[in-house]
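One structure, as structure tokens, below. Some questions next.
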Amino acid sequence: MSHLFLDKPEEACGLFGVYGAGEETHAAALIYMGLYALQHRGQESAGIVVSDGEKMAAHRDMGLVSQVFDNEILNSLQGRIGIGHVRYSPAGATYKGNTQPLFGRCSRGYLAMAHNGNLVNADELRRELLEKGSIFQTTTDTEIIMNLLAGFSNESLVDAVIRTVEKLEGAFSLVVVSGDTLIGVRDPHGMRPLCLGKLNDTYLLSSESCAFTSLGAKFIRDLHPGEVVVINKDGVMARELKPAAKKALCVFEYIYFARPDSVIDGLSVHEIRKQLGRQLAREFTGEADVVVPVPDTGIAMALGFAEASGIPYDVGLYKNTYVGRTFIQPSREMRDLGVRIKLNPVEKVIRDRRVVIIDDTIVRGTTSANIIHLLREAGAREVHLCISAPPITHPCYYGIDTSVRKELIAASHTVDEIRRQIGVDTLTYLSVEGLKKALDTTADLHCFGCFGKGYPIPSAPEKKGEG
Amino acid sequence: MSHLFLDKPEEACGLFGVYGAGEETHAAALIYMGLYALQHRGQESAGIVVSDGEKMAAHRDMGLVSQVFDNEILNSLQGRIGIGHVRYSPAGATYKGNTQPLFGRCSRGYLAMAHNGNLVNADELRRELLEKGSIFQTTTDTEIIMNLLAGFSNESLVDAVIRTVEKLEGAFSLVVVSGDTLIGVRDPHGMRPLCLGKLNDTYLLSSESCAFTSLGAKFIRDLHPGEVVVINKDGVMARELKPAAKKALCVFEYIYFARPDSVIDGLSVHEIRKQLGRQLAREFTGEADVVVPVPDTGIAMALGFAEASGIPYDVGLYKNTYVGRTFIQPSREMRDLGVRIKLNPVEKVIRDRRVVIIDDTIVRGTTSANIIHLLREAGAREVHLCISAPPITHPCYYGIDTSVRKELIAASHTVDEIRRQIGVDTLTYLSVEGLKKALDTTADLHCFGCFGKGYPIPSAPEKKGEG
Amino acid sequence: MSHLFLDKPEEACGLFGVYGAGEETHAAALIYMGLYALQHRGQESAGIVVSDGEKMAAHRDMGLVSQVFDNEILNSLQGRIGIGHVRYSPAGATYKGNTQPLFGRCSRGYLAMAHNGNLVNADELRRELLEKGSIFQTTTDTEIIMNLLAGFSNESLVDAVIRTVEKLEGAFSLVVVSGDTLIGVRDPHGMRPLCLGKLNDTYLLSSESCAFTSLGAKFIRDLHPGEVVVINKDGVMARELKPAAKKALCVFEYIYFARPDSVIDGLSVHEIRKQLGRQLAREFTGEADVVVPVPDTGIAMALGFAEASGIPYDVGLYKNTYVGRTFIQPSREMRDLGVRIKLNPVEKVIRDRRVVIIDDTIVRGTTSANIIHLLREAGAREVHLCISAPPITHPCYYGIDTSVRKELIAASHTVDEIRRQIGVDTLTYLSVEGLKKALDTTADLHCFGCFGKGYPIPSAPEKKGEG
Amino acid sequence: MSHLFLDKPEEACGLFGVYGAGEETHAAALIYMGLYALQHRGQESAGIVVSDGEKMAAHRDMGLVSQVFDNEILNSLQGRIGIGHVRYSPAGATYKGNTQPLFGRCSRGYLAMAHNGNLVNADELRRELLEKGSIFQTTTDTEIIMNLLAGFSNESLVDAVIRTVEKLEGAFSLVVVSGDTLIGVRDPHGMRPLCLGKLNDTYLLSSESCAFTSLGAKFIRDLHPGEVVVINKDGVMARELKPAAKKALCVFEYIYFARPDSVIDGLSVHEIRKQLGRQLAREFTGEADVVVPVPDTGIAMALGFAEASGIPYDVGLYKNTYVGRTFIQPSREMRDLGVRIKLNPVEKVIRDRRVVIIDDTIVRGTTSANIIHLLREAGAREVHLCISAPPITHPCYYGIDTSVRKELIAASHTVDEIRRQIGVDTLTYLSVEGLKKALDTTADLHCFGCFGKGYPIPSAPEKKGEG
């Protein structure tokens, strides 16, 4: 197996929740559809837990949603309430027991939970719980949160959730099922997205609005940072945690993670990407004949760049969508095919042209170098690489797997060193100011930590978890 | 899928443990071989957890040992200490999350445990733990025991195990790994077997001695009832729990569960079965031409019966060993094949003969009736059914799935009613006194609870668990 | 399983061949990579046959290349010569025994063959062979061709191939391995593509040039219509069949089947698609605010349309690439999701706009209607559907599965009837003249049969086969 | 994977056929059940082909019947006529394409065939067919027979079968389906068994009668050597080929291949085995305390031996039936477990005893040596090995895979050399005369070729095939 695009910040997780008012609601079917629409947020494992208000049924496994579930399994998951999860996890931590949602029995009865994000104080919380006699059967943050919740056995469910969540530091969106109740939580900084929707009488929670569209459901609203939404037979009730000092949605949700047809915190992902491209065009000082995106995230950025620069947009790189995670690179003769297996230049577009190539990020630089090589081989006269984000110079502690600082090329190299290493004629990163302009007035509502502009949570220890 | 022999007391679980002194010990390979030899004790799931003294690795799944493990998996399970488990579980409770051994992290570090038996006070213990904030991710007794153990975080490992085990009521054999230590426990009544062996420098624990033979290892001794054996770099140390008032090994270990080549608590299973057959012959008052066993447990009993009665032994029923749990009975035309798929009469042996047929038990009676029908169809002149155990009139609370009293034909019918229902010329059950004689002087060391002769543990509530 | 895009002319097959001069050539690895690049030509089954010059080894199965092969299988396929095949087959004919390449032993030794196309005289040829005593173990045209070839047992291999091929009527590209020889054949009309390439000393044959690019190999040239290319240790030798009266490459290779980065018979597929879009823009008489492609084939067409019309291009429909052939549509609640599962509108691009939507064809019309519905739901003010091909009014007899005339909406409805049925404001088909203009001077080198402009082969009986 | 009992003549194949008079007959279900009962004749692959009188449907794969078929597959195989096959094939020839039954279309329509045996003139027949232009897609004798049959396209089906079969030399039983007809053929020597049965109105063909018993069907009769049975809507019609000079059923059908509950050519397999044991006892000159069989074939022989010798029978070796073909022997530490994994001594039976151990054959001797070692380890005072067949000194050309003469220990060693190599106190082979006595007056109806007593077919070239 070969990771073709390791040179990217890896994906976050995806959450989906269903509360069906009517007995006939087949929550598992809706969650299955929802997870399909959220598959881009995590391809390593998938899971669904459903409840009929009393008993729970679950299925979780490694693989894509299409591999983990079939009709027989979905039919065995009967219940009108449920949650689902798709997960990416850092290499080496691909332990099957970590598939989410987690579920179990506490004093309150059955409890299921799924988590997107990363706790900064996970080690500390786990240590406290171990000392009290807890056993941890996984290495997920989710299990910590469930144990905390089980400890508040004398509180009402909602109060217990709130008291639990108040102990957490870091990035987290949560979906929880207990008894006849579905709960959604977004951390006080709102670092990871979570939104509320409705399909007929059935309430839905989703990491992204695109899952509602693909179900034909209505988007109601994003959860506020620090909001706890409680859904039961009485409808939807909202509770607010103490608000955080600073809103801080991860800006990479717009740049890389989210689907372009999603709208997060009021902003269209596709439009923001076009804005990034327009701003990048303003900062690009060279001349060129054609603007070409690195698919798929680069497409909207390249459209914006072309619009603002007047340089025509074209499809200069074809992406073979059949090459997935299971691609094997036969060992003999095939050594250095690299990115060529997944991306091929359209020579007619490239030959004898001065090409602007638009990508979202550079992590280690090797993929970029390979792409530039392909373009030169296809006859490009000049290649100008434009990155629609500032250099990533600092690690992320909130759930994105770029935490090992030494792998960040921009943390240890100047832009010109990177340019030479990649072998490109010019290299333009979007400036932090340009990024703020692209986000318009909302810029101070986002986390810019990995660009060296300060972390929203003061103490961010050297840790690395999952979610 | 079709359970062909539901008409039997279902199997117990099998345990195996390895403590390798040398770094090169591949515990998983030894456990794999051990579980193969214990496969008869449980065919529903199999699992192995190994430790290198610090980290643990695990693999567990539904299915036979041969289906759950392959070379790649075994090679991924590196470590010189480990435990394994094969499980039978009552119909309806075949939840994948219940596969054992369980493992997790407690304040002491990694902990793994597997259990054979059934706790009588499981519900009570679970309730107490839930109130203290525990979460249960499975429905096993094992998870209860692990949570109790984690609670004694200030004690030494051995003391914590002893204090934990003192809270348990019921039948249990346990194998436990924590840090660099392998522990074996047998309950104070010794209701389930557990024995100690050695292969070169490597110590082994096993539910039955047959697993040692198949590894070419030496049998050292059975654990005493109430014994805790602690194995670490200093060798083997034994601790005794408070002894129970009464030794009470489940007598069905000899009659049905164990492999004939095992020796349990000093008695050869094969020889005890022959003794049962001899005694049964003495109690049989009819005349016959041939003695035929119902394979496989009936074989040794029929040999003993033939020896004592002088009636010749022969193979009158052929068992198709290819018919396993995955046999599907195509729905059309195939309705009533029943036992015929797995057992076929050898007509030459049966026709025009007066046949004594030897079986170990009758639970619901339907299988027996089918076998008698086959024999008559094959031309038997008379059929005399001899059962090498007394009628099962009372439920078992200690791990054998005959707990639903209403399914026990002998609990609600006289022997003559059963005889007529099965359609046999005569029906002879071994008497309780005969059973005692067959066991010789050791009879009061066994549990006769299901024959209505009193339970070793006073309070046996109506419960049903797993193990 | 749910075919989401049945409303398309279904794919042709893909062929790949390897002749390695050196013993160390791992032909199977190269074919595997080649088939990956040709996966778009057939997703139902995949197969590889290799030869070491004497013995053959093969693996074929239903599924994608990534599902059919793994490292162990590729390593078992040792040999320096070989051929591969990916197949689409009409619904109902998905018989596993039809997976190609076929291979067997004839009087000349081992023989392997794969075929892309459809014979018009297959029934007649099969009948003749049956009368001579042949047995057919598949329903493929390939087996007919192999049986014909085996019949010329006294000719040299090349003469036998030529005499065989001269009996065939219809569309066919072939790759053949016999002994130490790899042969490629393209039918006299050149209806299906086939081209020659080279990687170091290894000769390659491929349905499309994109497979060479993804291997880093050199494109040498397309085979001429009616050319037989023979590759062995003496190098490449070409033989010409009698030329056909008319060249007739299937025009849908450019419109739909081929990858945009391929170059077929000298023309860039991407550029031809842009040309189609430019010409379509000239024929479109309406006004609009944005041009939106139906992905993926519509993209280049929409770019050309935008360029020629001055209406801006944007990504108005997002395609979920994780939704593949194995998508299951849970039965309850999920009835009418239809195209929504795979395509979602980007509302920001669509709302309050007059949208031109560009697609390649309309076969049955239902998918188009669903897409239009999505766009209206997302707030489109007007929707103008532009199709970059003329109406398909006549069946195809040469390998494209639109042969059932009654399913062709344009065969039985006027453009205005279709427009109303689809529910679009205007519907513009590219004119046949426009198509010719887009193809420039090369137009009379293509088959326009399905547009009612005459078939290149006079007698095209009502038949339907595979390839 | 580890072949634990390679030291045996490997199994023949199993055939089953169904002709249902009524439309509702689900032939595939009956064949499935029949193949289950014939599984002992071949565990490598299984296949079913059914016909509704016009169309055919098929499923074939590597593996046991339980692994190859499930309910969904059986339901997809609709038709009231059909044949099935289980296959053993020599190591190295495990090519998936060789799974039977074969089927295809000839001039007469669909044709399916399965074969048990081995043709002596296969190479010659294949060469003739290749010269006429045939292609062979498998390496089975079956495909040769089908091609011959297809060549007689002007004859009636029955005449074509007879003319085909008259060209065959060697051992063969065949089941054939063409149109509305099921045909069974047994070669003129009757070397392989085939019998006719009936279940209500449905006619059945089977390699062994045990399959009828397990279906609750009636055994009608064995086919005569050289008989062709034709079953269609008019009932059963028999045709006789020219009779062979000598009847020659393979004697190993009784000794090893067949199930003990089968009756072949009028003789009970179980009873013949007991006879072999009785005769062996008469030829054994030693003294002993207990007679122990090597399971499973040795059981009946040991019973006969005990009866005739007066030495008591007991179960001294336990066979772990869970150890199948998929057993993996982990590489480290496990080197020399050998037979121990599958067979374990029952020490109580063995210790301090003089043991007679009964087995059916010795091929290479290594398994026997391992068993003797186990018995000595378990404390046997003396071990006397008695083989219930004469030494195999000559290869078999008719379908049993002992054809490589150098592997036959008895072909190159004296009995005393073998005795020493195996490490046994005495070694007694049944004499050829004893074997004849055990078979009573029927001895000259069997093939004794591998004992050096002449082959029934004069010219037996050095060949090796399958079936």
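In order of appearance the chains are A, B, C and D, and numbering begins at 1 in each one.
Note that contacts are C-beta pairs under 8 Å (C-beta built on N, C-alpha and C of every residue); 3 or more make two chains touch, one makes a residue touch a chain.
Just so you know, these numbers come straight off a predicted model, no measurement behind them.
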Compare the CA centroid of subunit C with every other chain's and tell me the farthest one. B
From the C-alpha centre of subunit A to that of subunit B, how far is it in Å? 49
Report the inter-centroid distance (CA atoms only) between subunit B and subunit C in whole Å. 60
Counting only Cα atoms for the centres, state how far subunit B is from subunit D in Å. 36
Give the residues of subunit B that touch two or more other chains, as numbers and ranges in rising order. none
So, with touch as defined above, which chain pairs make the list? A-B, A-C, B-D, C-D
Sites on subunit C touched by subunit A in the complex: 24-26, 28-30, 32-33, 36-37, 39-40, 43, 64-67, 69-71, 74, 210, 213-216, 259-261, 263, 268, 270-271, 299-300, 303, 307, 312-315, 318, 320-324, 326-328, 330-334, 336-337, 340-341, 344-349
For the complex, give me every residue of subunit C touching subunit D. 58, 97, 102-107, 111, 130-137, 146-147, 150-151, 153
